[in-house]
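Below is one structure, written out as structure tokens; the observations come after it.
Per-chain residue numbering starts at 1, and chain names A, B, C and D are given in the order in which the chains are listed.
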Amino acid sequence: MKVGVLTGGGDCPGLNAVIRSVVRKGVDEYAFDFVGLRDGWLGLLQDDVRPLDIASVRGILPRGGTILGSSRTNPFTHEDGLRRVQDTLATHDVDALVVIGGEDTLGVATELSRQGIPLVGVPKTIDNDVSGTDYTFGFDTAVGIATEAIDRLHTTAESHMRALVVEVMGRHSGWIALHAGVAGGGNVILIPERPFDIDQVCEQVKSRFKINYAPIVVVAEGATPKEGQMVLKDESLDEFGHVRLSGVGEWLAREISERTGKDARTTVLGHIQRGGTPSAFDRWLATRFGLHAIDAVKDGDFGVMVALKGTRIVRVPLADATAKTKLVDPSLYDEFEVFFG
Amino acid sequence: MKVGVLTGGGDCPGLNAVIRSVVRKGVDEYAFDFVGLRDGWLGLLQDDVRPLDIASVRGILPRGGTILGSSRTNPFTHEDGLRRVQDTLATHDVDALVVIGGEDTLGVATELSRQGIPLVGVPKTIDNDVSGTDYTFGFDTAVGIATEAIDRLHTTAESHMRALVVEVMGRHSGWIALHAGVAGGGNVILIPERPFDIDQVCEQVKSRFKINYAPIVVVAEGATPKEGQMVLKDESLDEFGHVRLSGVGEWLAREISERTGKDARTTVLGHIQRGGTPSAFDRWLATRFGLHAIDAVKDGDFGVMVALKGTRIVRVPLADATAKTKLVDPSLYDEFEVFFG
Amino acid sequence: MKVGVLTGGGDCPGLNAVIRSVVRKGVDEYAFDFVGLRDGWLGLLQDDVRPLDIASVRGILPRGGTILGSSRTNPFTHEDGLRRVQDTLATHDVDALVVIGGEDTLGVATELSRQGIPLVGVPKTIDNDVSGTDYTFGFDTAVGIATEAIDRLHTTAESHMRALVVEVMGRHSGWIALHAGVAGGGNVILIPERPFDIDQVCEQVKSRFKINYAPIVVVAEGATPKEGQMVLKDESLDEFGHVRLSGVGEWLAREISERTGKDARTTVLGHIQRGGTPSAFDRWLATRFGLHAIDAVKDGDFGVMVALKGTRIVRVPLADATAKTKLVDPSLYDEFEVFFG
Amino acid sequence: MKVGVLTGGGDCPGLNAVIRSVVRKGVDEYAFDFVGLRDGWLGLLQDDVRPLDIASVRGILPRGGTILGSSRTNPFTHEDGLRRVQDTLATHDVDALVVIGGEDTLGVATELSRQGIPLVGVPKTIDNDVSGTDYTFGFDTAVGIATEAIDRLHTTAESHMRALVVEVMGRHSGWIALHAGVAGGGNVILIPERPFDIDQVCEQVKSRFKINYAPIVVVAEGATPKEGQMVLKDESLDEFGHVRLSGVGEWLAREISERTGKDARTTVLGHIQRGGTPSAFDRWLATRFGLHAIDAVKDGDFGVMVALKGTRIVRVPLADATAKTKLVDPSLYDEFEVFFG
């Protein structure tokens, strides 16, 4: 049996760990052959296919990024996309695919699976917003980096008695903001799932200054104020009307500064959240995902995604997993209310 | 209501995070009063009790160790132990306890609960071997430190083409060894749950050298070879017949060296695995444990332990949790077989 | 003898280490008394003075920021500033000052020293641009954080074959950019000391892509293109005509993207470079600076600054140290030419 | 011109950074050819020689260890050693050598240089004990790892009010112990250069407990008590009569425990101090050493070692550098006296 492996979407710590364990177990235990498809779905569209053997996955466990390259290509937006994918698979005698990606990549996989292509999905995203799994790999690393940054910012904030706004990733969901905000001892945590009231944010900031502590505001890039509170020029909004990257953090610092009379600054963590060596947790999860994905291939159990449930790895239907974005539950957010302000 | 808080057993990253969230929510939301009992059960035996308020828990979230001190005291091994505990609680009008500890400390809590003392348990141990919860806090930090150490040892091993044995914590269970061994790309992982065959270990070591890679052997301090394979002087064994701390790692390096003719060295990670700032994961878990523990106190739901199940915090009967040590399941260990050797 | 200690300017890892060693040696060896002046020169203007003893400096060695607070206040811009400083010193019977700060703070100290106030300076700045000393503390920590960020960005850049621009601190000097750029393996390093040619930058970026590597551009916030190359709206320039914070990095990514046709992104590291626990190097240097500063006070050797020369701590005249900014020498920059492009 | 490169002795973070910069500049700027000699002098004895080009040094800057392998082989202890070295060089038309190593490796280089072999030395050792240079690369990384470990141990020590002994590397010199001890806030620092008095150590430990702090004792592996204080069995001593690895730390903990009645434990840091990614400081230093070493080759300036003096890289005669071990100066040690006990 010949198995193709691809990684799609934004890069994410742990991708290489999945590739390694898929190939190690596939070759050693099931005597499968492997090819790597370059740059996600693009490799299938452009017939960019490389051999993938045990030698090529040695030493990659601790390395960030993906040795297969990645892209955000969607074959269904290309004319003849499906046929070209099928042609490439046929040309290389690929019997099955292991598709490692986030919402978009797995959405394509779901559709291809419906079209009869045998594949198994592996959920990855630093944003943690794929349904059907407790966690995705990459998320723990991103939270760890953001938490360490918040730790560092505390001392700067206290030394100057200024408010510090930290903008973390999360365009549609607030998982990184919530976890890093709680772990870093943030005083205000703002997430896309819950439009915030700028007046209330400023009250929380002031109450923190009142007891002689410097407030840390952790905000997901996709968080937005309540309707009417943010007056932005058109060019500051993206196609969905969301604030553009690096927008909300700077806006918040300016508003806080103006409304409270205190100095406020922003740090936008950006890409450092998604690169570099994966945390031990993510290496463990990614390794297990890979082992279970190749087992599913062996079992001929296609159209599924491997997922974490408690401490076990299970298989869930791809269609269920990609039906909707996993958002932060309001009750989870409210658990931490006592720390806010 | 007045609540007493104590931390027992070996120190563990995240203890302060629990104390902080218990007190923050207890004071702010339920208007409870708090006292801290010094050095675990010892504080109750010796009437060493201190006030505990919000000011005293500020800034402790990222700090390792415990501001309450800890000890391995068991009140039931002291004459009149139970009565002295009851007296101290009465003297200070303590209505309920939050007991943060591992197997031993929670075992005592179970018994005191049976004797009618209202208390809620919070599981902590870097060893992750408390039943009833998916994970304990402190474990992720320990695994992270051990994994980083293994990362570092790889380059030394490769430069000198020598075998490196890393001894990690885990007297009765192999959780740290297994997680860090998998995350660090160890080639042999030895755990207490499964006596190992020194001949097989040496074969795995040799097969690694054969492909020009330097083997890393990750061994839990409590791992033992099969019966008859280790000839040790009496003083190398502890009271249970287990190899004493720093024993098995050194023994392995010597055996590997003698049997394979290759240079082999040992590193015993020791106490650096249990100190220092907690990982983001552990801060998140510890914070949530604290919030839910004080909720249980508020509900009058005593004799329970808070526990992680998937992504939710639940309450389980203390008696269930402390009935037996949570060991590594053989099927979990076998998942990783393809990486060994 | 009573000694006052103050920290001025931007916060910097190692400030607390200096305070600790000044007080420890001053009390234990010379039996001095100490007071802390709050928020730099502001404490002297507003008579905000606190006792400072050994108990108050315990445990602060590894902590970022400054327990004394800081500000950018300049007493000479206040009416009666000098007199108010003198009054506060007289009120509290302060015999001498230890002044810990960067260019601005030490400039004030130089002038106060000329006015007869007995003081000793300690150079601090993450920017490393104080003359008279090989290094300032805080710099090594900042370089370490920036280097780790660059390490992380490499994997993201490679996975997506995109150019990544990293903007680091350094408004007037390129020390952080040069050191972190070299240590992180940056392919283009741009510093304020040398206006860059955007065409040449794009050539270097392209030559990197040509060999299938993703370029990393490390740019100091104060770096500027050659005259005429950057067309900016007025509001993007600060009072000195320099590009405002977060300006040059974004401008570069946009230009690179437009001129090379390749995807390019920016990360602005910002405040995480100046907060948090100091590196071992900075703790060592800061501790020694503190010990030698209090020795100078003991010797009555005022108007000097402690400085690092090779491995020794020496005293240099404050006036010499603050006469001009220490810039990156062109010959040092040229040493690394072979790595560029 | 063809240049051979070798790395000898214990591995050390930064070796790859030197190799990379030697080759990058040698090829790009001087059009030299390169070969790598495997495993230090062994490669020259056994004619184990590999091509070394720019492709083979890509991506190695942040990686610990050495891509050339290393060993502790001394050609002069082999019959015909010198002739075999000369033969290998002749066989491969090697015109000059860059020798990267510590005391032993550079000692051999000195002798070979006297015998007419054109070579340039680069000092490396985590121990920092090579004369003629302010610092060697690898040292800063080792100190950083040891300091972080001490940070972690503080919280464990405080939680249990126990003494913790940390044994760090340094068989003949106390550089790591002194720097990490000072940076980590150790209360007792013991170095080989100064035999310690166990009674005084115990007094310092007790005085620390008296003020309710838990003492940290940092000891170099080669430190020894004053004559007559340590009674060891013969097998605990190495060939030079020094305490064997992992000896002195354990002995100290036992003595402290017995003499003070307090709990005391030991952690032996071991090999984690020498592996893994180099610090930014070490990457900077190693990169510059490499650039200057190949310049010396270009200049035909053989028999020299590149060295750090202040912020400049200079060339010093190899013979001077290897004449004697660089020990910790008593006056430097005494600077920190106020922190001890």
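By our rule, contacts are C-beta pairs under 8 Å (C-beta built on N, C-alpha and C of every residue); 3 or more make two chains touch, one makes a residue touch a chain.
Chain by chain, the UniProt names read as follows: A, B, C, D = Pyrophosphate--fructose 6-phosphate 1-phosphotransferase.
Computed from a predicted structure; not experimentally measured.
Undergrad: Which chain has its C-alpha centre farthest away from the C-alpha centre of chain B?
TA: So the chain farthest away from chain B turns out to be C.
Undergrad: Mind checking the centre-to-centre distance between chain B and chain D? Centres are C-alpha means, answer in whole Å.
TA: Averaging C-alpha atoms per chain gives centres 34 Å apart.
Undergrad: If you average the Cα atoms of chain C and of chain D to get two centres, how far apart are those centres in Å?
TA: Between these chains, centre-to-centre, one finds 30 Å.
Undergrad: With chain centres taken as the means of their Cα atoms, state the distance from chain A to chain D in Å.
TA: Each chain's C-alpha centroid was found; their separation is 41 Å.
Undergrad: If a residue has to touch 2 or more other chains to count, which residues of chain D qualify?
TA: 148, 151
Undergrad: Give every touching pair of chains, nothing left out.
TA: Pairwise, the chains that meet the contact rule are A-B, A-C, B-D, C-D.
Undergrad: Given the complex with chain C, which residues does chain D contribute to the contact?
TA: 21, 24-25, 28-29, 58, 61-62, 134-135, 140, 143-144, 146-148, 151, 179-180, 182-185, 213, 277, 279-281, 283-284, 287-288, 291, 309-311, 335-336, 338-339
Undergrad: Touching residues of chain A toward chain C in the complex: what are they?
TA: The touching residues are 7, 10-11, 13, 15, 63-66, 69-71, 145, 148-149, 151-161, 164, 265-272, 274-276.
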